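There are structures below to look over.
Shared between the two complexes below is chain A, which pairs with chain B and chain C, respectively.
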Partner chain A sequence: MVDISNLTLKEAHEGLKNKSFTALELIEESFKVAANSESVLHAHLLLMQDEAVADAKETDKRISKGKMLGELDGIPISIKDNMNLKGYGTTCSSKILANYVSPYDATVISKLKEKGTVFIGKTNLDEFAMGSSTENSAYGPSKNPWDPDCVPGGSSGGSAAAVSVGTALGSLGSDTGGSIRQPASFCGVVGFKPTYGTVSRYGLIAFASSLDQIGPFAKTAEDTKIIYEAISGYDTRDSTSIKLNQRELPEGQSAKVGVLKELMGEGIADDVKSEVEKVIKLLEKEGHEITEVSLPMTKMAISIYYLIAPAECSANLARFDGVRYGLRVDGKTSYEMTEKTRAEGFGDEVKRRILLGTYALSAGYYDAYYGQALKARNQVINEFKNVFKKVDYLISPTTPSTAFKFGEKTSNPLEMYMSDLCTIPANLAGIPAISIPTGLDKQGMPYSVQLMSPELTDISLLNFSSYVEKLVDFQDTPTKWRKDP
Partner chain B sequence: MKVVPTIGMETHVELNTDSKMFCSCRVEYSSDPNKNLCPTCLGLPGALPVPNKKAIEMITLLSLSLGCNITEKGMFHRKNYFYPDLPKNYQISQFDFPVGTDGVLQIFSEDQLSDVEIERVHMEEDTGKSIHSGGRIDSAEYTWLDYNRSGVPLVEIVTKPVISNAKEAVAYIEELRQLVIDIGISHGKLELGNLRFDANISVAKEDQEELGIKVEIKNMNSLKSLERAINYEIDRQTSLISDDKLVIQETRHWDEKVEKTISMRTKEGSEDYRYFSDPDIPNMNLDKSFVNRVKESLSELPKDRRNRYVNLGLSLEESNHIVKSEEWVRTLFEDLLENTPNIRSSYLWSTGELLGQMRKFDVDYKPDHLNGENLGELITLVEEKKISASVGKEILSKLIQEDLSPSEYATSNALIQESNEDQIEELVLNVLDSNPEMIERIRSGEDKLISFLVGEVMKASSSSLNPGIIKEIIVNKTK
Partner chain C sequence: MPKDFDIQAIAKLALIELNSEEESKLSEDLGIILEHVDALSTLSIDDSDMTIHPLGIELELREDTVQDGLDHKESMRNAPDEKDGFFQVPPSMD
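Then we have the complex of A and B:
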């Protein structure tokens, strides 16, 4: 019998191709894991078993005719519930979109459909992707498969948990300030945020348009590369999507690696630092040139982010007014209806950010806040450009600590915001960044490292990550969910 | 008290592109409500805007026609405000980098040409339409929403505060309307809302250096209401100032029924739109090569056309009349210039006699067969005195109803008049010989007898004579 929890996407593809098992068997295994785990982990807001079984049968027909569509044909993949899948709800984990049904497919969904991917469900997230723990989901949090008392990270916590436990071999998340990499780190899977503009955002419900980027979760960097290659590419429906070709970097031993000084000091747990140093030593042993580099502006990253992202979100979320779709709470006038709808439909964190952003854009404050943040963001971009003249890749922790416990940071938003300390700079700069699991801490929770590279070197970064993965040689997955409950 | 009114105009022009500003939905006015919609123009979550290249070319063309500077850094901003017919609750517009700045529009008002300075020309998307049942937005029992118009490309043209009276404001809109029609970027139909305008009006005491307090007037749906609203508002502000009362800076609504402007005090304080650059749309590159390419499609502007006609001999008013006429009249007139010797007669026949007779026969559209060639032939016959003006008018009425050649028609119906002056002179002398007492009376000032003698000469001939020539000869002989 096939054990999906220990299977990589690549291995599953080989298995299907060699007819070691059928797509139907693979999908049934997916849902068996879901049946064993979902009542505790709550990784999904929607499971689509009937549709997935039908899709898997289609794959099996293609395979029997020798017309397999490629590496993703028959592969079970889940989708963060902020991407539109035609005919299904897209809730963004918000009450305001509880009854909304998407009339169209996001570009990434269309692309995966063409490859014969089997969608198994929509995954949980912090409301409108605002959060780092899924505790802001209006439908209840997801749990970390390594320890259900710990958060899975966020906002794409459901996707990370689903891949970690094995309900899916890959998952699509979105990353605005670390929402793919941070949960990947907490759940011990690979999470990749591509260069801004290489994956179309059409159909992704916007949080902060200039920072949002769709990317894949999987067990290995190679698997994330397979998904990335399928979903990326220029899209006429997204004006910010880019046509430029990828550049190549050294991917093996000749690669120069910079250690980001500002992310190896204050605010980072000692054991996390030691883990990154362990990986650096492995690289040194292979003969890599390792340099310490400084990007002073990374210290400003959270401040910059918490002006730009809320400002953009204050406009992006204005459309949820009860007029055309989603929740509507009646009022005496249309304005009162909109006020009541938004008051009832949005959660506290979403309201907090809308207020922050509205304030930052207000007349008399724009120059001091939003305008200043835009200037500072340009400095961040320039610092990265300069540092990448010296090194090919940057290494840092993905998160300041391993997964924290539920409730630990909910009463202090600033402390919660700090968990994105290491991931936000890549979003501000638009560069690709990846989190790779490297080991477990004393409590058995996953460690990781983050690798970053210049824009449009995504493929090289993914190949280099595969190389680092082999050096690290960490392949554990959480095991207890495999037995029937 | 002597006062100086100052007016600035803000005009929205709907472009006549096939598709909307940020999606590929059709721009169509006759459609049923909520038919031309997609995720983007309905503001569905996740949908994104992609700018319409044709619309950008059109606004560039308009800006060039107005002599504006074109920004190289075309940028879209979000203008944030909540309204049910604005699907995203922000309008994609332009803020500190409009496509065109600092232009000029030449207008013709009260027999004079003058220049209206243009401050900016910017691109934005239109909203949907709200139909309130029972009152305004805050008092309606219910409101119908139609989003067909949502996302239609809209250009806003803002003048500097340089217009000094209602007539000039009307002339400005007329000229702008003609311009957008002539350069082919809008249907320019006021009744369909293709052009919509607001006026900013202030009144200052004559000796006052700075402008008075500005009041914005909305809801003027025709040129007539524009003129009335401005005059009303100038009077209202003037009497306030005369009474030493304060004019309040506000937005007022023109109420067509009571012919008054009414305060729209719906919001307190000034609105903060929280403009910021739209992160969904990268900056546009409107560089020299783009602008030069657009420039190539620039045709003759109304002001140049007006000037050309003046140089050909029309008065300013006549030239302006033709420039502002319906397109078929203008085309016909241009064709007549090729086919007749005299621009004034072309003008008079095409704008006066033709339109008059069409009205008389209840013909709404110019018949297809009527063109510059056959009408030109007819005008030339009259000009060359081969037929009389009244015969010309008679032939025109035939020509409106059927395709014919005016000269063949005149010949076969014996309408060509005698213009051989020697023969006519002989007839005149015969008539004068038989009426010697009349010569004396004409010499002593009884001019009306000339007409009588012209009639006598014409009666004496079997063919039709040119009465002008007869008159000329009689005048000479009776000096």
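Then we have the complex of A and C:
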């Protein structure tokens, strides 16, 4: 029998290729894990067992004919429910899209279909990807597989939990301020936010267009690289998509690593700092040049983000007006209809961000808020450029603490926003960043480190992350979900 | 919180109906957030460029040629109300 919970995507591919097991057996294992865990973890909003079984049989036919499509053929992957998969709902975990059916495939979906990937379901998220815990999902939160009393992180919490527990061998998420890396950190899996523009956003329901980026979750950096290579590439249907080629950085012992001073100080838990220092010592032992570097503007990152992201969200979510799709609540006039539809359809956090963004863009305040934030963002980018003249990679914590309990940060919005302190700078700068698990804290919750590199060095960052993974040698997965149902 | 902050006016602009409880809670929340982001006003960055694409790349539009898209039936599939192939909405004025 296959133990999918302990299998990497690469190992699953080898197993399929060598006929150690069939794609159908692999998918059946995937749904066995789902049957054991979903009633507690609620990682998925939709499971697609019949379709997945049919797709797996197609893979098995290709394998028997020697026509396997590549490393993703027959691999169970889940998709964050803010990406369009033709013929299925895309709820964004919002009541406003409860009955919406996607009329087309997102570019990332089309690309994965071409590779023979088996879609097993759509994962839970904070409504419209706004949040850091999945507590903002209109359909109830997901739970952390390491401890269901803790949040899985967010917004892509369902995707992280699905990979952590072993239902999926890979998953797609979206990262606007840390929504891939923070849940990856909390759930003890790898989460990668690529360079902005390298993965098409066509078919991703937009939240903040200058920050949103689709990226993969998996158990290893090598697995995330396989998914990244499959989904990336220029797309004429996304005007922010880029054609530029990747640049190479040193990937082994000659790599120079910078320790980001501002993310190793105030606001970061002592045990999290110690864990990052442990990894730094491992790198030092290998002979790497380690330098402390300073990016003073990272202290402003939360302020910049919470003006730019709400401003863009208020414009993007204007489309949910009850006219063409989604929920409609009747009103005497079309304005009243829209006001009532949005009042009933959106949850508290989405309303908060739309109102904040509307205010920041309103006449008389645009320059002081949005304009100033755009200028400050430019300063952040320049600081990163200068630092990357001295070092190849940056290391920092991914999150200020390990996974927190439900309800712990819901009373004050700013407390929740602070959990993205370490991840937001990479979104502002558009650079690639990854979270890799490194160990467990005293409560048995995962630790991680974040690695960042200059724009368009995604492949080098992923290769270097594989190297760091080997030095750290942490491969634990949550075990209690494996018994037969 | 700026003195002239008016949650009702903002909600009107955002086309979201708020009840009085929401008005009070959201005013409080936005006050906390605006106080935090006000730190940006202390920066002297008047001569800095405004960043839209983080890689500083000009956005490229595709060729203006007809391409396959959704057909009419597919486009109307999610319509909450439809008449004669058009989206139907209440009148704009009472």
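The working rule: the second predicted complex is superposed on the first by the 484 of 485 C-alpha atoms of A that agree within 3 Å, B and C clash if a C-alpha of one lies under 4 Å from a C-alpha of the other, contacts with A are read in each partner's own complex, and residues count from 1 in each chain.
In this text, a residue touches a chain if its C-beta (ideal position, glycine included) is under 8 Å from a C-beta of that chain, and two chains touch if they have at least 3 such contacts.
Here the structure is a predicted model, which is why all the values come from computation and not from measurement.
Asker: Touching A:Phe474, do we find chain B (first), chain C (second), both, or neither?
Answerer: A:Phe474: touches no partner chain.
Asker: Output check: A:Phe406 vs chain B and chain C. Expected answer is one of first, second, both, neither. What do you get?
Answerer: In the superposed model, A:Phe406 contacts neither chain B nor chain C.
Asker: With the two complexes superposed on chain A, say which partner A:Ala106 touches: chain B (first), chain C (second), both, or neither.
Answerer: First partner only, chain B.
Asker: Could you look at A:Ala206 and tell me whether it touches chain B, chain C, both or neither (first, second, both, neither)?
Answerer: After superposing on A, A:Ala206 lies in contact with chain B but is clear of chain C.
Asker: Examine A:Tyr366 and indicate which partner it touches, taking first as chain B and second as chain C; both and neither are also allowed.
Answerer: Once the two structures are laid over each other on A, A:Tyr366 reaches chain B alone.
Asker: Could you let me know whether more residues of chain A are touched by chain B or by chain C?
Answerer: The partner making contact with more of chain A's residues is C.
Asker: Answer with first, second, both or neither: which of chain B and chain C does A:Met83 touch in the superposed model?
Answerer: Touch partner of A:Met83: chain B, not chain C.
Asker: Should A:Arg319 be classified as contacting the first partner (chain B), the second (chain C), both, or neither?
Answerer: The first partner, chain B, only.
Asker: Please work out whether A:Leu428 is in contact with chain B alone, chain C alone, both, or neither, and reply first, second, both or neither.
Answerer: second
Asker: Which parts of chain A are in contact with chain B and also with chain C?
Answerer: Shared contact residues on chain A (touching chain B in one complex, chain C in the other): 100, 103-104, 210, 236-237, 239-240, 314, 318, 321, 323-325, 333-335, 338, 358, 362.
Asker: Residue numbers of chain C touching chain A in their complex, please.
Answerer: Interface residues on chain C, with respect to chain A: 2, 5, 7, 10-11, 13-18, 22, 25-26, 29-30, 32-34, 36-41, 43, 45-46, 48-57, 59-62, 70, 74-75, 77-81, 87, 89-94.
Asker: Can you list the chain B residues touching chain A in their complex?
Answerer: Contact set of chain B toward chain A: 39, 42-51, 78, 80, 82, 84, 87-90, 137-139, 143, 145, 272, 274-276, 279-282.
Asker: Within the complex, which stretch of chain A touches chain B?
Answerer: 82-84, 90, 92, 97, 100, 102-104, 106, 201-206, 208-210, 236-240, 311-312, 314-315, 318-321, 323-325, 333-335, 338, 358, 361-363, 366, 370
Asker: Tell me, which parts of chain A touch chain C in their complex?
Answerer: Within the complex, chain A touches chain C at residues 99-101, 103-104, 195-197, 210, 236-237, 239-240, 242, 244, 300, 302-304, 306-307, 314, 318, 321-328, 330-340, 342-343, 346, 348, 351-352, 354-356, 358-359, 362, 365, 368-369, 371-379, 381, 412-414, 417, 428-430, 455-456.
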